[in-house]
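Take a look at these structures.
You will see two complexes here that share chain A, one where it goes with chain B and one where it goes with chain C.
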Partner chain A sequence: MSFLPYAVAAWLFVVGLYGIVTSRHLVHLAVCLTVVQSSTYLILLSTGYVRHGSAPIYADIPPVSTAVDPVVQALTLTDIVVESTITALLLALAVQAMKRFGSVDPSFLRQLRG
Partner chain B sequence: MSPRGRLLLFLPSAAALLFLLIDGLHQLPGFGHYPGPYGYVLNGVGVSQRHATNLVTAVNFDYRAFDTLGEEFILFTATTAVVLILRHMRGEREQPGAADTRRENASEALRGLALAFVAALIVLGGYVVVHGALTPGGGFQGGVVLAAGAFVVFLAGEVVAMKRVAPEKLLELGDAAGAAGFVLIGIGGLIFADVFLQNFLDLGKPGSLNSGGTIVLVSIAIGIEVAGAFLLVWTEFLDQAVLVRSGGDEGE
Partner chain C sequence: MTSVQHLAPLAIVIPMLAACVIAGLSFLPRRVHELVALAAALATTTLCAILLVHAKHGQIVYWLGGWKPHHGVALGISLTVDQFGAGIAMLTGVLVVASLVYSTRYYDEVDGPYFALVMTFMSGMVAFSLTGDLFDMFVFFELMSVAAFALTAVRIEERGPIQGAINFAVTNSVAGFGLLVGIALLYGRTGALNLAQIGQALDHHPADALVAVALLLIVAAFLTKAAAVPFHFWLADAHAVAPAPVSILFSGVMVELGVFGAARVLNTAFAQPIEPSLHDLRMVLVAVGTVTAVVAAFNCFQQRHLKRLLAFSTISHMGIIICGLALLTDRALAGAAAYALGHGLAKGALFLGTGTLLYHYGAIDEFELRGRGRDLPVLGIVFVAGALVLASAPLVTTFFGKSLIEDAALSADYEWLPAVLALCSALTAGALLRATARIFLGWGVDAPLSDRTDSEERSQQESSQEEGADVEPHGHTPALLVAVPAVLVVAAIVAGLVPELVPSVERAAAHFRDHASYAGAVLAGRPPQLAPVVESHVKATAWIYALASTAGALLLAGMGLRGRHVLPAGIADALRAAHSGHIGDYIAWWTFGMAIFGGLVLWAVAG
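Up next is the complex of A and B:
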């Protein structure tokens, strides 16, 4: 069972890629990218997990208690912020693609011109 | 390439990728067997060194503050890029009265409920921002809650009122001032402690609101920036909804 979180992360990554490859809608494509990125949260948090550890917040637990790694949790926060900015950018580009091509199907983007 | 051909190419490569991923991840220490040492070291010394009880925030806004500075500028740059991409093109104008039609679509119940949430969300957002060093939360999380506080005004169907609560000029100012505030706190470290982003303030008593030195200041700066940036992006997307294009002219 100790491998299960990693297996879920690998599965999320590949399923998200499947969504991106078969996507017929730019908004759907942006959402699929967030699925790919959520696999990285799972890997980061899984590597830092300590069995029976509590959250690394010493507000109401004894200072000597075992807690999980705060570094990977901070990295996950960074990851989430980056993901939200990327999603915003992709959605803005989708709006402009709709204006320019009149379609949000990625296969229409082959008519891309300068 | 046809969608079918693309899928035929993807499936075997995805299977190979999945195999490689699983094989690679198998080499990691098992779930729950964290090898350390950084997490254990930080959990041991974090509270006594920085007087902050939330070590995730202490890592983000103090130990790894330089990385967070980069992260903050990713947010700043991306917001600028969204504003740039969604600028008004030639041949676009705002639909007259579009904002008013939305106002009529919202029911009274929705409007009342949403407006009741405004004050509660803003108080909660401020609480989460300033308590970042103590309990779960911090500038990023609290900033998003603050932004949501202004956004429910839109959900109540009041586009015009949202613009009044959060005018674009104010949002741009918040976005920029938050980013600059973080840098200034870093320069403060350079001046008073000889190291950029060094925690140079009195650390206070662990568990009290003014503990953690610069951590709470950085948290507030980031909270302002995140709230401004998110609202600015949302405002830009909302503006797109009330745009109409006059026929013929294709922008650039």
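Up next is the complex of A and C:
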């Protein structure tokens, strides 16, 4: 068990946040959000990882053999569903922003201030 | 007690099914959609009421698919219903019903997907309140969030809603990912996702760095939903641009669910690990609540756009509710719950009231509407009554809630807290009274007396662009659009006077915070052993603070009518400038807040 996956996950979270903060394009911003989210996949999967474990499918292997944790894989799948929903919504909003503001740069979205 | 647990999943499934039916039958006329949604909302509210009554005797535990725990190990997913959970689910139901009834006349044009989204939103909120599983809390947190993002942008052709929805979606999603990382870390440590099971695994161990980081990420995510400063920027944008029947769900119950979620995890999973550090953690959380209440109250007073004013007032009142959570005692939590009930109903009435103004006049700016509200006197009374609730005037529901929080603050040696909270109540209620007097009576100056013309011009432009840029004034108002807010505001005032309500909230809070009884009910199926609760009485100091905040509100309203400001120009402009509307800035603030709040929480819990 190494700390590497956790270090990478922390890096992805922070670099994704940096991308969102400095983003000049809403599509780029949505992608940065998925970068932040990839850190959660990594954390989940490395939490359940077992060295030399097989996939948790016991159809053709003896039930006593080592397998990785299936729960975190289910959580990751759920997470991917959440992710795709949010990305779809944000991309739809980006299209509308282009139509109504004439720009997809967050700096030009100046309807709400103060 | 035999089969009542089967009602819990029904309360979640019914609105979900209604959403599917409405989305699938979107070719049917609007009235059919309204009827299906209304029937589902009423059924869910009734179920939550039954659950609320039965939860008096202890948690109602339902294991999905019959996967019950074996020898104290829970692999299945539970719904664990207690009085707080059922109560906030019922408040959700009541507000959804009010919103749906109101929207039958409010929207000139609305299609099926809107009602499907409202039902999905409701299902997510009810499920979030009833679940006993940490990962489910994440799933339902996301479900209600996604539905809420879409509902914010329901008027997709306008500019304000697009920007508001983007800011709302990005901020809450980032917080949600933090929540998931926290859950993954906890699962890695405990191998459990059930709240009671996590609590059992963490019992008898002082919190180490990993548990502290998990606690930080989870609580911070819920505080983002609850709009604690500096995670709060999304709220003002989202609430100001969403249509009125959606805003009441946001302000009335969604943000309160953030505090509820934080209280839930702190009192189940983390109950033992935080035990040694209660004193320090209390200090950190009270600081967050106080800063939120104060900053937002000053922001609120500066607003002239009525919905934005109410949005900032919501943030400020969330600060008060967070203080109730932060004191980490039974009494304070009971106070927070009673306060949330009164505030939720009153904010519902006020947001619907602004919706009615928009419907009638096609405008929502305080100066633009000056003196024009005389045609709707009843609505003016609703606004004044709502302001009384915000001021926690004596004997309204929020007064009882706040007196419990004050009482707990005094016993925890936070003598300064009640005075600060009274100031925030006075500022938010004063701002609303000022706007009410100007709109409905035509009192006060007719243009801002300000030499800061550039910022005023800016606010004029923006206020004409938020919800209602394209709304045609109707020039008349159906009685229903006044009746619904009136009913809600009456409920907000008298709920606290219902005999036995406040004492039973106190008992429910003690029950909610009883970690051992929760774990026993979930994992071992033990009936709870409820310790008798010492009920508190309203103290003389509470009357003084309530009268002071009410008088302060009148005074501040008078100042506001004469065009005076309460803050020096430099600070006021800085407060406004922070709300730049730029999502990058908001996430930078969020990261900054995580650094400060995170450092403090880690110091308090693991230090």
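We take it that the second predicted complex is superposed on the first by the 110 of 114 C-alpha atoms of A that agree within 3 Å, B and C clash if a C-alpha of one lies under 4 Å from a C-alpha of the other, contacts with A are read in each partner's own complex, and residues count from 1 in each chain.
Heads up, the rule we're going with is that contacts are C-beta pairs under 8 Å (C-beta built on N, C-alpha and C of every residue); 3 or more make two chains touch, one makes a residue touch a chain.
Owing to the predicted nature of the structure, the values given are computational and were not obtained by experimental measurement.
Once the two complexes are overlaid on the shared chain, A:Val82 sits against chain B and chain C alike. Counting residues of chain A touched by each partner, chain B versus chain C, the larger count belongs to B.
Of the two partner chains, chain B and chain C are each touched by A:Leu17. Of the two partner chains placed by superposition, only chain C is touched by A:Pro106; chain B is not. With both structures placed on the common chain, the touch criterion links A:Ala9 to chain B and to chain C. After overlaying the two complexes on the shared chain, residue contacts for A:Val71 are found with chain B and with chain C alike. When both complexes are overlaid on chain A, the residue A:Ala55 reaches chain B alone and has no touch with chain C.
With the contact threshold set out at the top, residues 9, 13, 17, 21-22, 43, 47, 71-72, 78, 82, 85-86, 89, 93, 96, 100, 107 of chain A are in contact with chain B in one structure and with chain C in the other. On the chain A side of its complex with chain B, the touching residues are 1-7, 9-11, 13-14, 17-18, 21-22, 43, 46-51, 53, 55-59, 63, 66-74, 77-78, 80-82, 85-86, 88-89, 91-93, 95-96, 99-100, 107. Interface residues of chain B facing chain A in the complex, by the touch rule stated above, are 3, 6-7, 10, 14, 17-18, 21-22, 25-26, 28-34, 36, 38-40, 42-43, 46-47, 53-56, 58-60, 64, 67-68, 71, 74-75, 78-79, 81-82, 85-86, 89, 134-136, 138, 140, 206-207, 233, 236-237, 240, 245, 251. Chain contact summary for the complex, chain A toward chain C: residues 9, 13, 17, 20-23, 26, 29, 33, 36-37, 39-40, 43-44, 47, 71-72, 75, 78-79, 82, 85-86, 89-90, 93-94, 96-97, 100-101, 106-107, 109-114.
Chain C meets chain A in the complex at residues 135, 139, 142, 146, 149-150, 153, 156-160, 162-167, 169-170, 173-174, 176-177, 180-181, 183-185, 187-188, 193, 236-237, 240-241, 302-303, 455, 458-459, 462, 465-466, 576-577, 579-585, 587-588, 591.
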